[in-house]
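Chain naming follows the written order as A, B and C, and within any one chain the residues start at number 1.
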Amino acid sequence: MALFVTVACALIGNYLVLRRISLVGDAISHSVLPGIAIAFIMTGSRTGTPMFIGALVAGVAATVFIEILHSRSRLKQDAAIGITFSTLFAIGVILISIHGAHTDLDLDCVLFGKMDFLPVKEPVFLGLPGVAVTMGALAFCVGLLIILFYKELLVSSFDPALAASMGIHPRLVHYLLMSVLSVVVVGAFTSVGAILVIAMLILPAATSCLLSERLWVMMLLSLLHAFLSSLAGVHLAVALQVPTAPACVVAGTGLFVIAWIASPRQGLISLWLRNPDPEGAMEA
Amino acid sequence: MSDEHGHDPALEVHDLTVSYLRRPVLYGVDFLVPQGRLVGIIGPNGAGKSTLIKSIMGLVPASGGWARIYGKPVKEQIRRVGYVPQRESVDWDFPVNVMDVVLMGCYGRIGLIRRTGRKEKARASEALDKVGMLPYAGRQISNLSGGQQQRVFIARALAQESDIYLMDEPFSGVDAATEAALVTLMKEMRDMGKTVIVVHHDLATAREYFDMLLLLNMRVVAFGNTREVFTGKLLQQTYGGRLTVLSEIADKVAKDGG
Amino acid sequence: MNARSITPVLLFWLVLCVDAEAARIGEITENDPWEQVRRFFTLADPGLRLGLAGALLFGAACGLLGSFIVVRKMALIGDAISHAVLPGVALGFLWSMDKDPLAILVGATAAGLMGSLVVELIQRTTKIKQDAALGIVLASFFAVGLCMMRMIQNTGAASRITGLKSYLFGDVAVLNRQDVVTITGVVVVTIFMVILLYRPLLTIGFDREFARSTGLPVRWFDCLFQLFLAFSIVVALQAVGVVLVSALLITPAATAYLLVNRMHHMLWVAAVIGMFSALLGVFCSFLGSNLPTGPFMVLGASSLFLLAYLFAPRHGRFTRWMSYRARRRNVSNENMLKSIYRMIEKGIAGQDGRVGVSMDLLAGERQVTMAELVGDLRRLRTLGAVDFVDGEGQVVLTESGFKQARRVVRNHRLWELYLTNEADYASNHVHDDAEKIEHFLSEEKVAEIERQLDFPEVDPHGQPIPGRDRA
């Protein structure tokens, strides 16, 4: 279960990091809250589909709002992100706390995920719980899309001008990527919670970015990171008796720190070996 | 429209007007480049040189006028145009190596979903060889010098196998050896019948590099063979910045009109 | 176009407001809302007094500090710091094994400061960019904090840690006297710092390299600024909560950024907006029972932002749209007058302008239907520029209309001449441009062009340029 979530996130996270829009992932993960709340209030059910749709709509709306604020006023992108996600999140919290009295929609679970206490009564498929199947399918689809459109994603991330001059529309690619991101975030959201999704998105990519110099190597490494961190995370969670999601993130952070210190080319150690003067290393 | 030999002109720009970030940069630009020429676009800073190229490529929307490549709108002819953006426009920390970048030049031709094959690899190697970068094919791009980065960009354009090339400041921040090599390469390309249009900022070398010059300062000051255009009077007009009223008014219209 | 894209947003807000209203009234039937409002404004409730004082103070502090981070394009650093304080909160709690505000404040500030330093370190030593660095710090510190909290709970201290939950969503009701004293201290020091160090902070924010070249200790100032940022965030946390505290930093400052153009104005406006949002938040959560304060503060700030985004005097979308429409209408009016003038000029009507122009011919010239033409002319008549000749299907220019028409034609022809003579355009290329420019030329510019062209009388197409003074 943890593995599927991290794999799907890791794959798409690579592009977020490379396009320097990592925090849009954070924004989306917070923004889906009102979507979930409204879907719940309207249908009164806690089953997957309406919630999923509500979250998806809210997530895509968030990217559109960010885009509008950023391109049609003098605000920079970071401020646009901050305003959008905090507003949507606030709306979500208010809606939930107003209706919270008569519901079992728990803020804790929305925020921190419930990977460890999966509902047992959910439909089971091939011995796996339904959520895990969904996430697995999602991870598979994301992987397939990336393999199919590797070329287009690469060129439009690296050099949007060139992509446009070849007839690949960078804006179209951007919005497609954002929609896929929303789907993944919404999928991961139920198990990881709003705040920690960002870690699942960025940590693998950032770690492998320190270790590799080719995009496809980076992709594979981020998968490895996703795999290791979820494995270590689950064990850590059991050992320390803490929730699984934060434990996975802590494990992932550990891997990142190791890469940061010991990466053969860009690690702190090699930086220091090449240039023992700390000030000089800083400037370089 | 055709020239005296009955060929379509490589590039025809008609009355192109562009406002960029609410500031006007180009004003009724009108010129016609015959095939097989090496053309330099020169003008002072902020004259709209890069914008002209970007707007011909359709990367910056024009508020009036149009550009045609070989007699057809650029959109239909996009495969025949190679565009070399400014070096600073991309993130050189991106995890790709030199070969990957050059292969991107082939992406336009192979279409969606299909992957790059042996044929493309061969073409990319050939292009790299021409710019003298083949030994660096496996190098990560952040480890390249400015001149090498520029060579890679040119190689990528070569791999596009276009008929007309638009290059944005290819000589900025490169070493003298690279500059000489690139100019030789451009002249070779011209001799093969390609049309090369280069944004250039150095007046001193402009005369020897190019067959034709476009003197630009918000509008076309002069366009023609280098011998005829490279005169003190016209250069004075280009760099003199005499048309304050024009730029002020255009500024005001762009602000109010948006 | 723009208005259309904004309408759904407005509708969305409206729906939400109505929804919130309904639920609130439904829940507090036992309490008269007006009674609550009265209690709020008379400050009858001592707990409310404390909470309100605290909220107003940190609203102001967040506005001030937020202005700097918004203009430095590091708006999301606040988000990273606010999440990064969590392990510090847990450690501070471990230290005293109680909700001792001082220990928690110290722990949280230290963790926040460390978070922002790690962000900087990642950016300096690797090729990872700012956005990813922020994301890494935010999530990893927060995850560590969550694990620590759970471990503390596992040790059996769960009963006393319940207050910690307010760190996540915020509640001013939990503020006690001691908290408010701490908040006041931090905020007063912050405000003093911003006032005293305004100029160096401004210089560094605008141009670091220049600041360094003038010998300012830039790194030292950065650290100091981060320290105060961390302080204020920690202080605001209790009322607003981890997730939303960054909104209090960004949104008031961004609103001010849309409204004013100078930094010191922006600081004041941001501080006032911050206080106002805080007030709104406390008020709303006081009205309802058991509602968190933070989200309402953020919603208050966001509403103010939306207002500024739409109606800001110069940059507002709606303002711009209105003035755009006004200009469009003006252009179309002037074009109509110009058509009439040219028909008079061509001799289709008499010379003195008092003779009517046939509306049939005019409709043909303008290529509009008669109904459209009459509509446009009616509008011009209310402006006093034209008049109808009763019963003859003719229209005449009034004196002021004639003057206006002549001014436009004059602008048009002068501009054509300017482009041909001074900017070397072919004379068959200049008409379209002049069609646009004629409406925007000011008196001074016309005079300047006329001087440059040495007071010409004929345009490039051989038509006379009407004089300025001839009546």
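The rule is simple: a contact is a pair of C-beta atoms (placed from the backbone, for glycine too) under 8 Å apart; a residue touches a chain by one contact, two chains touch by 3 or more.
Given the structure is predicted, the values throughout are model-derived calculations rather than measurements.
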Given the two chain pairs A-B and B-C, which is bridged by the higher number of C-beta pairs in contact?
A-B
Taking the mean of all protein CA atoms as the centre, name the chain whose own CA mean is closest to it.
C
In whole angstrom, the CA-centroid distance of chain A from chain C equals 29
Hey, how far is the Cα centre of chain A from the one of chain B, in Å?
39
Just give me the whole-number Å value for how far the CA centre of chain B lies from that of chain C.
38
In chain A, which residues are in touch with two or more of the other chains?
20, 209
Taking each residue of chain C in turn, which ones touch at least two of the other chains?
127
In the complex with chain B, residue positions of chain C that touch it
127, 324, 327, 418-419, 422-426, 429, 432-433, 436-437, 440-441, 445, 448-449, 452
Residue set of chain A touching chain C in the complex reads 16-17, 20-23, 25-26, 30, 65, 68-69, 72-76, 78-79, 81-83, 86-87, 89-91, 93-95, 97-99, 101, 107, 111-112, 194-196, 198-199, 201-203, 205-206, 209-210, 240-243, 245-247, 249-250, 252-253, 256, 260, 266, 268, 271, 281-282
If you look only at chain B, which of its residues touch chain A in the complex?
54, 57-59, 75, 78, 81, 83, 85, 89-91, 94-97, 100-101, 104, 107-108, 110, 112-113, 115-116, 140, 156
Would you tell me which residues of chain A are touching chain B in their complex?
18, 20, 148-152, 154-155, 157-159, 161-162, 164-168, 209, 212-215, 217-218
Counting only contacts in the complex, chain B reaches chain C at residues 15, 17, 27-28, 30, 64, 93, 142, 219, 221, 242-243, 245-246, 248-249, 252-253, 256-258
